[in-house]
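To keep things simple, chains are lettered A, B, C and D as they appear, and every chain counts its residues starting from 1.
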Amino acid sequence: MTSAASKVTTMREAIADLVHDGDSLVIEGFTHLICFAAAHEIIRQRRRDLTLCRLTPDLIYDQMIAAGCASKLVFSWAGNPGVGSLHALRRAVEKGQPAPLALEEYSHFGLVARLSAGAARLPFWLLRDYDGSDLPAANPLIRSVDCPYTGTKLATVPALNPDVTIVHAQRADASGNTQIWGLYGVQKEAAFAAKRVIVVVEEIVGEGVIRGDPNRTVIPSIVVDAVVCEPWGAHPSYAQGYYDRDNRFYVEWEDISRDEASLERWLKDFVYGVDGRAGYMQLLGAQRQDRLRAKPLISSGVNYGF
Amino acid sequence: MTSAASKVTTMREAIADLVHDGDSLVIEGFTHLICFAAAHEIIRQRRRDLTLCRLTPDLIYDQMIAAGCASKLVFSWAGNPGVGSLHALRRAVEKGQPAPLALEEYSHFGLVARLSAGAARLPFWLLRDYDGSDLPAANPLIRSVDCPYTGTKLATVPALNPDVTIVHAQRADASGNTQIWGLYGVQKEAAFAAKRVIVVVEEIVGEGVIRGDPNRTVIPSIVVDAVVCEPWGAHPSYAQGYYDRDNRFYVEWEDISRDEASLERWLKDFVYGVDGRAGYMQLLGAQRQDRLRAKPLISSGVNYGF
Amino acid sequence: MAVRAARELRDGEVVFVGIGLPNLACNLARATHAPNLVLIYESGAVGAVPDRLPVSIGDPALVTGSLGVATMADVFQFYLQGGRIEVGFLGRAQIDRYGNINSTVIGSYEHPKVRLPGSGGACEIAIHAKRVIIVAPLSPRTFPENVDFITSPGQNGKYGSREQLHLPGAGPVRVVTDMGILAPARSDGELELVAIYPGVDEKEARSRAGWPLRCAPNLEVLPPPTSEELRLLRDVLDTDHLYIGKREA
Amino acid sequence: MAVRAARELRDGEVVFVGIGLPNLACNLARATHAPNLVLIYESGAVGAVPDRLPVSIGDPALVTGSLGVATMADVFQFYLQGGRIEVGFLGRAQIDRYGNINSTVIGSYEHPKVRLPGSGGACEIAIHAKRVIIVAPLSPRTFPENVDFITSPGQNGKYGSREQLHLPGAGPVRVVTDMGILAPARSDGELELVAIYPGVDEKEARSRAGWPLRCAPNLEVLPPPTSEELRLLRDVLDTDHLYIGKREA
């Protein structure tokens, strides 16, 4: 067994080293495995002028926009799922507060396709989509090509190659071989598409754990620049097998975010006022953790022998 | 839990119902999970005029070509891996014996891309490939499009949508939800691309086994038409966790196949002379099975709780 | 609406499910006449059998005990674009007389009066699902003659008909409202009233659209929800009454 | 050749491995100076540490204990085309003076004298790997001036140079033979002799190519295999002598 070089670092150092003002940034995770811990550290380090890309901006980008980190948003569905609007995002778009925010809009399939093209080092991706829709009129980057076999017109979207992608996952080894179960989202495509990749995990495990079940590996170490261990790092999103989604917080966000002052207060308490995820979780309280902690439901193994 | 309609049938019925003369057929599996049992049943049922598609024709298509099933081969690497040539294929191409065989040739990436396009219901797939190579000159179906963003020329291959795909796998439930571990090959793309799909497994398991580890599911029941239980159905290929690759048989094939008469004899004994896989394995002998049977090396489970 | 939407589903169908009322309708259908419905969520859960009412489309309860998990690239490319989805649900926002849906902006795109969430997967569901069922309460605000922005194409519109555009799916074939059901006319794809719930006044229903709503020649009166359907909704599937009021069903 | 090919690899590199000699070279490198080499097989095994010498590129021993398994679509799209592979090995068949490789046909394509296996992944490896190492014994038959068919593009040829074609990888930068090493000249990409093994005659080596083989200005004499390298090859890595004879190394 080789023991490759360790990429383990702290969240503070990973963000300081790898996320710069003006970068394009993807923090993916579809409902599952959204790395709020990284977003909070970016807010604390007061990064500015970021282009934030994500299918569903969700609370995570609403918080970053409220904190003034973003100058542009690339997205496909902007809402608080099942609850309502993203109020900080709306204030930025409608009133330019705290800073103006440019929008670039696709459908989910369009953004998935952009990341797939980026991961495959193609300048664009093909899809059968957008005919009869106003989306191409609203976004001149949605174009088309003619099929060299049938003559049919097909839609295209350009590759997205973000400067940085941050992926949350259940576990990785020290060199960044990363395993995910439950919903995959577009974590793999987002990682392969990026120039720099930070993996944040619930647990760092020995290489032997990864090698014991290689089919669960979604992101290989060769695309990973830094590995951060941050338990509960996805809250209020979730990590299958570790903790449940904090649906109550998503509902609470409606009240916290509707008013600029109360959002500021929340950022002051839960982001600026703590020095990392451990402090955040302490503030959240043991009762909440107990409510959200996953019950055990362990799968059976399969035979890798030959 | 719903108990969906069972699609379990015998190999004989699955082939009789779903594979017809003149069909285009994909039996995939890259080294791993190559369904020789299905090929032998197709030979026994004397199907003719098939267009056989596969990255590596391997011994399986060499046997089908020798038996006169094929009129065309679509491929990207035609050899007996690590051993030498495919002699029946060469006789068909060079001498038209037992029937002439047309060739359509790609690279591995090209054929993977053709199946991906078929699975995605796109008329073609994009790739950065073939510049500086004679392959496009040899195959007029390799074409190009201009990127609507950069103006760069990119290679294209047309979608492949076979009439039938046959996938071997470790296990499935009765409705065809299919789980694979070890090498994936292009089994998923080949299944999604096909008009009809037969899944052949080492074990049919209860729906609960599938639901106990949903991240291992590679092919969903909604694309599957028939499920066949055929232990050792991939020999001399292998099934991770069930039995090893019979490398010795691959070497023996060199001698069996070099001479037309000895190949005929082998087909007579091991294909026409048995009425199914059980008979074939009996002929192969218990000793060989003991040598190839996989040793246990069971992975640990993961937590699906929340 | 949930009961009616559930009845639109046939046993064994493959349904692309969103959260909220469509999810409830699918689970009601599974509990009654369609036990073999295959539920596929945009998030990648395939064959989910959630043991609690999922609040989000990516709820962990959709994964635990499901038949499979697909990457989102596979969901959109192989399942949806691949033509494997038989029914897609769409809803809310604005729907026009041809079933075009707006979930992007009210007002102009550059200077909207209201910024809505955007397409998500709605554009591609409208294009690829073999048939689309829209669920929305009937009102002139929700059903204007023309939508401000076409997020998801309907039967016909400024870009041409589905046939002219070669769209693979049949588009919105049923619009389930709180008054009855609209469906596109075969001739031009314009939505018309084809069925009403018992006790609903045809004239009142027709006055609730933003255009002169035509009525199909033989307007059907739909059978009421059975007591079993109501019991399942209220006591089993939505015990917290997240999606249905005490009186609504 | 195995020893020399192993020495061409640097610790930590990501190598796309084929079966046979390249596999042996990679395992020798891992056992000596490059323990952190990441081996990626065309079949999808990532970070394999086979506990037996794999006979096929898809041997189950490549999966057991590996760091990951990729679909072949991911191998070709995300790893290879994605620019993640640092070294690719190619070999056998015909190699011309610019490093173009033929593994398709001897003779014409339509009526070949010998039908070879074809590209497999060789065409895309030659295009995308950051650098390509070719391993083949030096002889006029294997190294003709022009190949009958270009399966995998080299440095230059009838379609133009790599630069003109905008090929992303550097192409064949080292050709490891049984006499020494060839490398492309910076000026025109023609292969020239840059190093020989101790005891090999320069003139004889140069006579083994199908064209007048140029010699680099400062021809290097390579250090011989160490006894440790030979011991590892013969006693540990290839105990069945599948790939190396008793005398060859």
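Keep this in mind: a residue touches a chain if its C-beta (ideal position, glycine included) is under 8 Å from a C-beta of that chain, and two chains touch if they have at least 3 such contacts.
Bear in mind the structure is a predicted one, so any value in this text is a computation, not a measurement.
In summary, the chains found to touch both subunit A and subunit C are B.
By number of C-beta pairs in contact, B-D leads when B-D and B-C are compared. Greatest centre-to-centre distance from subunit D is found for C, with centres as Cα means.
For the pair subunit B and subunit D, the distance between C-alpha centroids works out to 29 Å. The mean-CA centres of subunit B and subunit C are about 39 angstrom from one another, to the nearest whole unit. Centre-to-centre separation of subunit A and subunit B, using mean CA positions: 37 Å.
Here the spacing of subunit C and subunit D, counted between their Cα centres, is 57 Å. In subunit D, the positions touching at least two other chains are 45, 60, 63-64, 69-70, 77, 81, 168.
Multi-chain contact residues of subunit A (touching two or more other chains): 121-122, 127-128, 152, 181-182, 188, 212, 215, 238, 240, 244-245, 297, 304-306.
Viewed as a contact network, the protein chains fit none of the simple shapes, being neither a path, a ring, a star nor fully connected. Pairwise chain contacts present here: A-B, A-C, A-D, B-C, B-D [touch as defined]. Those residues of subunit C that touch subunit B in the complex are listed here as 12, 14, 30, 35-38, 45-47, 49, 60-61, 63-70, 74, 77-78, 81-84, 168.
Chain contact summary for the complex, subunit B toward subunit A: residues 121-128, 141, 143-150, 152, 154, 156, 158, 170, 181-182, 209, 212-213, 215-216, 238, 240-245, 294-306. Residues 19-20, 42-45, 55-60, 63-64, 69-73, 76-77, 80-81, 100, 104, 109, 115, 117-124, 126-128, 149-154, 157, 159-160, 162, 165-168 of subunit D are the ones touching subunit B in the complex. Per the touch definition, subunit A reaches subunit D in the complex via residues 1-2, 4-5, 119-122, 173, 177, 188, 192, 207, 210-212, 214-215, 217, 220-223, 304-306.
Every residue of subunit A that touches subunit C in the complex is listed here, in rising order: 30-32, 55-56, 75-79, 81-82, 90, 93-94, 105-109, 112-113, 116, 127-135, 137-138, 152, 181-186, 188-189, 238, 240, 244-245, 247, 250, 297.
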